[in-house]
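Here come two complexes built around chain A, the first alongside chain B, the second alongside chain C.
== the complex of A and B ==
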């Protein structure tokens, strides 16, 4: 049973990690495309329109890969997590179906119109189609987050005699206090990724002395949006999210922060340290006293519950991974704010486009927002353990009892092979598009 | 769980079909990127459309063993669906241009 649970979790972790590479870009990029198109409508300067069309091509490739890699997850609910689907399908089925029916079709239909219909529709309608693509992609994120919010903090449900969960109050799904902070944090993080991608393509063009005018526009836009979104990820959205974790999942919060024992008189914030699970302490730590209490409760002396306050069976089952994921995510977020602030300063001093070391740095930092986003999701999902639905349904109960671990491992290897091919195809398509550069043509 | 792999293989066959059409007939080419993207959606659309006739990966694996006849039919539908999607979009593009 343990082997089976391990391989089921590993397979889902692998497929969803690969999948989330794509939507995290499209959600943020759709907003930037709307910005470029809006600027074109206001100024009638062609480079803004070219930028909107160019990034819609990048969007289309990412969206398509997101669709393909999303298909296995739809199947996995039934194949690997049949018990979970059976028990909670009456609730999570609502938001997942709405995501497929409304957001996906809104996004895909208007994406085609945006790419093919510029001349047919005129500029204002073309802007509107871009806006509807943005609306579809953000609505999709909202509905997925609504599903996840219910798993993190279940509300508005009723348990039937046969053990199944059903909705008692539909609107409660959307009034869940977990939802809005998680959604805003996720969307801002997605905007960080897309801003870095836009800025790095700009830096690449400037360094290569190709499409330099567009490169400057991309870099400038990426840096401005990147700075704003990097700040918003940390505050207020990240802060709001963390306050929810401490309120609704205190054991996860203690694991994320590495608090093994409750400290009376205020909790320290750990900057660096290694969880020692045998001695239940952090090794080689560097910490600042009382700061965590202040950040969490605005009170320097407030006690924060440590892991010693909870039953062993209710603790997340991989505390070191949760701790490291959280600390690396926060560390990367801090680097992003610093880099974007520095780039903004260089832009203000009109030195950004000529500063080669900074351009190289911006270009090569592009994988890191992806890593930070994925680590953010690891924190959310590892923190919820050992539950699938926090406090209600344990992960070990949700797996399909009849699927063997060998079968799961075999298909996992199959996914790895097919995803390698898809990944290769994705890199070729994106590489070709970037190499062609922005020009107002159709794909 | 094999059904998931079948679904992904089916899409890959669709991508190959759309690109083969573009390669052999320039008239039906949107470029490698365009044909690939259209191939993905054409394949998914036609498998979903005809899935209930027995081409759905879940039906292919209903007996817990691969039904190879249905599997080949699935791949063929995906291949032809992708080609048809490219063909239809080219028609649509011409209609828009002539408006």
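== the complex of A and C ==
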């Protein structure tokens, strides 16, 4: 890997990783806010309204961070990936521009109205503005996923003589078989993060013996939504995605699963092991025979292509990271289902609010859905390597031809410093908002 | 089809500079004229309530530029790499200073973010002017030295400055004596615009003073404009050709000068909105005049080897442009409707509003 490519990739990876801490919460949280507000309209119980308003405050801080770290993403297509933008801008520009035009606009506009307009608008309109914020943030996710889906599995394009990709069929971008599974998987994963955050704040209030009534509501809601979404992330949406990967990107599937050699008579599923890229095998492996073939094809004996079946230059260039990202994501996802099922059982038996160990556990587990979400994206993006547009345009071709690695390193260091500051401010403000708690419910 | 998209993007970016322009200007005025805590709060709020819905227009404009003219987007964004990333940092800094200022009630905390807001607004206004100056002056496309291109014909890279600070060398930098003057024009224009916004939207105690500030800055602006027009001819000798060929384009400079003349009467206006309208004319007239003098070029080449970038040699396919026209127009109409609703909803003086929270 030459320096230029390395720093361009590192800067994009760093800035997008930091950026995606925020939208993954806001997308799921907007749904929960709509739920709280809807409950309030139905029941007129004040605690639901105060929950909606409290979480919109958390949402607003995250949204601001998402906006200010999101604009650099749009810019970087041009600044660092100029050749890629030049060649494919006519296609991915469609969905990216729609994102800026429709969803970002819906979200930022109606967020202001939701926060400032409760008294002026009345409750029904207030619910509507909350719903439009939700619609905007999910439309945003959909359009970004549509952009990414085209890069993972290009459709509806035409290549001109000068090498440029131009749009041939607009609707094909949205009928892309990659899009819907990836979108649903992503949204459910985002709902996992926000459910865990809601539950975690609830557990904190109960343990802290402050805002206990709200705490119980948050915990209950977080656990119910957390259980449903954790299940849906794995099945069916995760399963659909895996089947897409094996169909359209078999080399990245082999890397994710750590299959170095194809084996006749069915592939084993690797639970633990470290990829050894020198000897081309997994060290310290624990695996269950034939299960992967069954999960993928519903046939215990189906052969699955291993890394030995592909040319070296078509393999992802960071197989160990891809393998770990995938295995940690799946491992965490499994733990989430287990924990939420247990919490739900305790809730059903009316013991949840008093089981301190479980409450502590829920409170401290909150970073892990973030990690799982980010690793899911690492799987998608590392798995797409060595291509920007899978099978068509190599990553090394896409960088800006005139920006030297020294300049990129300069801006990368700048982003690191600035984002460190942003991260600190974010934690202070969220901490302060949580400490203040929801506005007290009269009655 | 290219020309429709050219107009659409020009309109969107024009609206962006008018809307976000006043909140940059508010930052500049805040830096120099807001002394009392009450004024600081309300002046910052007159930008803080609106900045993110104003910046929607930047994101939308950038996205549409990317879609419609990908080659231009690629060339300009990588060529102006350093200034653009610095602009990004400033935008981030400004946004967090507006959002986080009032979250803690410590004087130090507030002072720190006030300065951050003011300085980043000032630098952003300067950089936007410098950017316009660079577009007018042109760049060394292909980075040609002695008749040989170092890169593909439509790529270039500009350092922040060249030691001579001259726009007339073979490899000019981003900042030279011409672009910095355009930068000053931008700072002065946006300061006027921001002051007008503060006068319109707040009851701050400096409002009367700001009217005479607007008046004085308008004199400075008029002088700078005349001066820049003279050197404009030196830097880009072709800049009058379009106006001679198509005399009706003269409407754009007329808009600009109408705005300046109007601003001289700032103290006499019965309604504060009038001075706001005139500073809007200055911004729109300035941008459209510059674009009209270049058309159909968007980024001129300063060498004779490589052609300038135009709307025709940087656009995507006709199909892509036409299908995007459909959703683009719907989107922009929605944005305009929303902007009208929002500004009506938040009409009146900011310090008199009750948000119910």
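To be clear about the criterion, the second predicted complex is superposed on the first by the 438 of 443 C-alpha atoms of A that agree within 3 Å, B and C clash if a C-alpha of one lies under 4 Å from a C-alpha of the other, contacts with A are read in each partner's own complex, and residues count from 1 in each chain.
The rule we apply is simple: a residue touches a chain if its C-beta (ideal position, glycine included) is under 8 Å from a C-beta of that chain, and two chains touch if they have at least 3 such contacts.
Just so we're clear, the structure is a prediction, and the values are computed from it rather than from any experiment.
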Fit-or-clash call for chain B and chain C when the two complexes are aligned on chain A: clash
Contacts of A:77 with chain B and chain C, given as first, second, both or neither: second
Partner chain(s) touched by A:401 [first = chain B, second = chain C, both, neither]: second
Partner chain in contact with A:297 - chain B first, chain C second, else both or neither: neither
First, second, both or neither for A:85, with chain B first and chain C second: second
Chain B or chain C, by number of chain A residues touched: C
Touching partner for A:105 - first (chain B), second (chain C), both, neither: second
Contacts of A:174 with chain B and chain C, given as first, second, both or neither: neither
Which of chain B and chain C A:97 touches, first, second, both or neither: second
Stretch in clash, chain C with chain B, out of 38-46, 218-226 or 326-334: 38-46
Touching both chain C and chain B, counted on chain A across the two superposed complexes: 61, 64, 67-68, 71-72, 75, 79-80, 108, 116-117, 119-120, 403, 407, 411, 414, 418, 422, 425, 429, 432
Footprint of chain B on chain A - complex, ascending: 57, 60-61, 64, 67-68, 71-72, 75-76, 79-80, 108, 116-117, 119-120, 403, 407-408, 411, 414-415, 418, 421-422, 425, 428-429, 432-433, 442-443
Chain A partner contacts - residues on chain B that touch it in the complex: 1-5, 7-9, 11-12, 15, 30-34, 36-37, 40-41, 44, 57, 92-93, 96, 99
Of chain A, residues touching chain C in the complex: 61, 64, 67-69, 71-72, 74-75, 77-80, 82-83, 85-91, 93-94, 96-102, 104-105, 108-109, 112-113, 115-120, 158, 160, 164, 166-168, 170, 400-404, 407, 410-411, 414, 418, 422, 425, 429, 432
Residue numbers on chain C that touch chain A, as the complex places them: 49, 52-53, 55-56, 58-60, 62-64, 66-68, 70-71, 73-79, 81-82, 84-85, 88-89, 91-93, 95-96, 99-100, 103-104, 143, 151-152, 155-157, 316-317, 319-320, 323-324, 327-328, 331-332, 334-335, 338, 342, 345, 354-357
